[in-house]
Amino acid sequence: MVNYDENGTPKKNKLSLQIDLSKFEPATEEEKKQQDVMSKSSTFFKDGMRKLRKNPLAMASMIVLVLIIVLIIVAPLVIPYGYSEILSVNGKRDKGAKNLAPFTYSKMEQKYIDEGNYRFPHVFGTDEQCRDYFVRVIYGTRVSLIVGFFASLIVLIIGMIYGSISGYLGGTVDLIMMRIVDIIYSLPDMLMVILLSVVFKEVLVFPDGSILAKLGTNMVSLFIVFGLLYWVGMARLIRGQILSIKENDYVLAARTVGAKAGRIIRSHILPNCLSVIIISTALQIPSAIFTESYLSFIGLGVQAPMPSLGSLANAARQGLQTYPYKLVFPALAICLIVLSLNLLGDGMRDAFDPKLRR
Amino acid sequence: MARYIIKRVILAVLTVFIISAITFFLMHAIPGGPFNKEKALSQATIDALNQRYNLDKPLVEQFFIYIRELLKGDFGVSLKNGREIGQIIGESFPISARLGFTAVAFALVLGTILGSLAALTRNKLPDRIIIFFSTLFTAVPSFVLATLLLLIFCIQLQWLPVWSTQTPNYVLPVIALAAYPMAYTTRLAKTSMLDALDQDYIRTARAKGVAHWKIIFKHALRNSLIPVITYAGPEIAYIITGSMVVETVFTIGGIGSQFVSAITNRDYTMIMATTIFLAALMVVANLICDLLYKAVDPRIKYD
Amino acid sequence: MDNYEHLLSVQNLHTAFTTDNGTVQAVNGVSFNLDKGKTLGIVGESGSGKSVTAYSVMQILSENGRITEGNVVFKGDNITKWSEKQMRSFRGKNCSIIFQDPMTSLNPVFTVGNQIMEGIRLHSTQYQSSPKERALEMLKLVGINEPEKRLKQYPYELSGGMRQRVMIAMALACEPDILIADEPTTALDVTIQAQILELMQDLQAHMGMAIIMVTHDLGVIAEMCDEIIVMYGGRICERGTADEIFYNPKHEYTKGLLRSIPSGANMKQRLIPISGTPINMLNMPKGCAFCPRCDSAMKICLEQIPDEISINENHKASCWVNIRDEQKKEKEAVTT
């Protein structure tokens, strides 16, 4: 039974399920927009950083690394011992300060303290040449991090330039350049590294007092070796990226508007490769540190007296039974650095790799 | 197929040749000659060396003579103790081979099993434990692990004897050597298994009514092994270089430790011969892996 | 078991996925029936929930998806309540599916023969002793030449059209009652598309199975289907025979779709695309899913999901515009 009101419209029965006719008015644009809620948009970078922040291991690693970096900058300023300084008390060589356990003092030092003086504690003890071990480990860490960073930088720069040129130009140039890469790639890298290090050790002679001499031939040879061999992976990666991006329509669009090659590479291609580049470099650093400490362990690393975590570990093999701490500290340092870098690199890859989706 | 194998073999030979050349010329680039370095060698020794290594001939000719002798099995003479290098290699290589093979097998097999297990129990306890330990071990270089193991198990706890020819205990050296490759393989196997499980053909198998375990062991596993086998080549290279330090730390008389002492002693003839030998080994290993890989993945392009 | 009304009856199906960003309601109350020997077409754009509906029937959803509400009744049995073991014998035997991309849907490391025979060995009582013969028979049936040779080949060695035929052979080897085709021709060339569709129709005539055709291609739908369902935002907008849908579309979405594709009718005119962007399934509106993009949107569309009303015996639609027009007609009928 339908009741009608004045207009002849069916009256809305309180109990009926009939719809309120006013609702049949057209909806306005704003009302429609309210319904159309799109998910929050954000840039690729922000998205990645957000994901990274949610990763506890990566964040912890970042904190650890920052702490380590702060430590290696600050500690040498605080600790009164040099890395090659043979401990002496009141100007006299302290022969008894050999292989001291952590936080102990030699007889001479003890006497010195008893006389009312302050002697900075040997946090990690001393080594067989009466040098403070903590400082040496700190400097060893410095060496590792610097080598790791700069080696990766060299790899990045050379690889990027080589790869971009090869990828962008294509054709015969690309073919030849990639053949060269293939040849270098097929060489057993560690053997070549060792070989080159051995040779450079003898061959490279630097004028005394120059920066290069300070670094030591081995350090320089390490960089040369990295520059010669390790960039190929990065070059291939970049070239691959460029090849795939080159075909994309937005590059074609840029070319149609007349953009020059350099600009195209800079503004369109490289930003897209950025995530791949960052991830690859982040994972290259621990690998470089690995290589450096390995070489140092077999005696081809930085020159004494400059310590390297690898050479410290090697030296600790003598007297391992009696002074185990001499091995433990540099070993822990290496593991900590490499682990943090690996975790951070992994975290970055999980966060920034566009191919990874959950 | 045969053409492919032949091409690969030729490439391998070429690579070894290039490496030999690089090694040879680098060694001879050392000023003062590698053959009359610091040691005050007697004139007779110098003459013997000259004769043996044809040092009076032009360099390139020396190279080809060297190669010729190498192929005949004559590796030259150690500068350190005058012994035939060929003999030294012959004695020490079997030890290294035993160590190396065990480590490779360990790393590959155990790594694949653990990695697949981690993939299958994703985000549950086994996965977390496996990933925890494998992440940890990818951060420990072989020489660090070797020295630590030596310290803890041989010296402090005295559970295992130090290696000698009378007590050839390979447990610790294998662990030290295989730890990193195994950890890496585990993570690789997990990722590739997860990848495989994500593929469309797995959905097809499910849609056909194939049982869960069969999907994993038949359909996914074979595909997930492909990246693992691809890694086998670099893994073997790692183990060869790793054996150098592991043997040194555990005082095992293998070819690796011989190499390291040659470096320390500047025994250039030894360095040269050993480098070429090890490089050849790596190239052969890579070749085998290459062929194996193509056998597993039928999407081969016989270029 | 033997007395059932429809071969397949999907009742108020709801399927959801849990993702990092929240729960996605991919299917929101879908109901339809399928009878023996008939072809049902499910049409919609990407993200409309059509594929998920099909996967829900077979319960081959990915790990983070599940049926949250509703029933799927096959020959009288409610298979949503079945165990995994029971489902396994359902899949491949009572109901098969072919997918969009035959290259990735076939396992690259096994031969074609191996993959076809796998299903036969699993399910078929009839051909259990001679799976190879059955496989060959199926290859011939789907029109693949040199079947002996093909049996030993790997997927990458075949062309796209041939691979899809292999998929079909694999799906039909155990004579299922239902064949689900999820965008079977999208990845193929146009000429091959026609061949595959023709093949499917021939096989249906030959073997008598029912087909569910999931696609976004209206042309394909028009060719083959007895009944068509139009989906948007996980819901059914409109359903009916091909004639009804194409010549008498009632839902605004369907009308929009038909306006946006080239056809004989609008050859000289500009194509009118549907404005706006596809719906974000994480944030479903309270009312009609299509509302934000609809030119005829009304206030009520924002607030309530429209009921489904019958346009005629072959045609139903869920649209407030239709309901309003119905009521107008009713009112006019009363006042005159």
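Note that the chains take the letters A, B and C in the order they are written out, and that residue 1 is the start of every chain.
In the analysis below, a contact is a pair of C-beta atoms (placed from the backbone, for glycine too) under 8 Å apart; a residue touches a chain by one contact, two chains touch by 3 or more.
Predicted model, so just to flag it, every value in this text is computed and none were measured.
In this view the innermost chain, defined by its CA centroid being closest to the centroid of all protein CA atoms, is A. For chain A, the chain whose average C-alpha position is most distant is C.
Ranked by number of C-beta pairs in contact, the top chain pair is A-B. Centre to centre, using the average C-alpha position, chain A and chain B are separated by 26 Å. Mean C-alpha position of chain A lies 49 Å from that of chain C. One finds 54 Å separating the Cα centroids of chain B and chain C. For chain C in complex with chain A, the touching residues are 19-21, 276-277, 280, 282-283, 285-287, 291-294, 296-304, 320, 323-324, 331, 334-335. Those residues of chain B that touch chain C in the shared complex are 199-201, 203-212, 219, 222-223, 296-299.
On the side of chain A, the complex with chain B involves touching residues 183, 186-192, 194-196, 198-199, 202-203, 286, 290, 293-294, 297-300, 310, 313-314, 316-317, 320-321, 324, 327-328, 331, 334-335, 338-339, 342-343, 346. Of all residues in chain C, those touching chain B in their complex are 58, 60, 84, 87-93, 96-97, 99, 101, 104-110, 118-119, 122-123, 154, 156, 167, 170.
Chain A makes touch with chain C in their complex at residues 2, 8-10, 19-20, 22-27, 31-39, 358.
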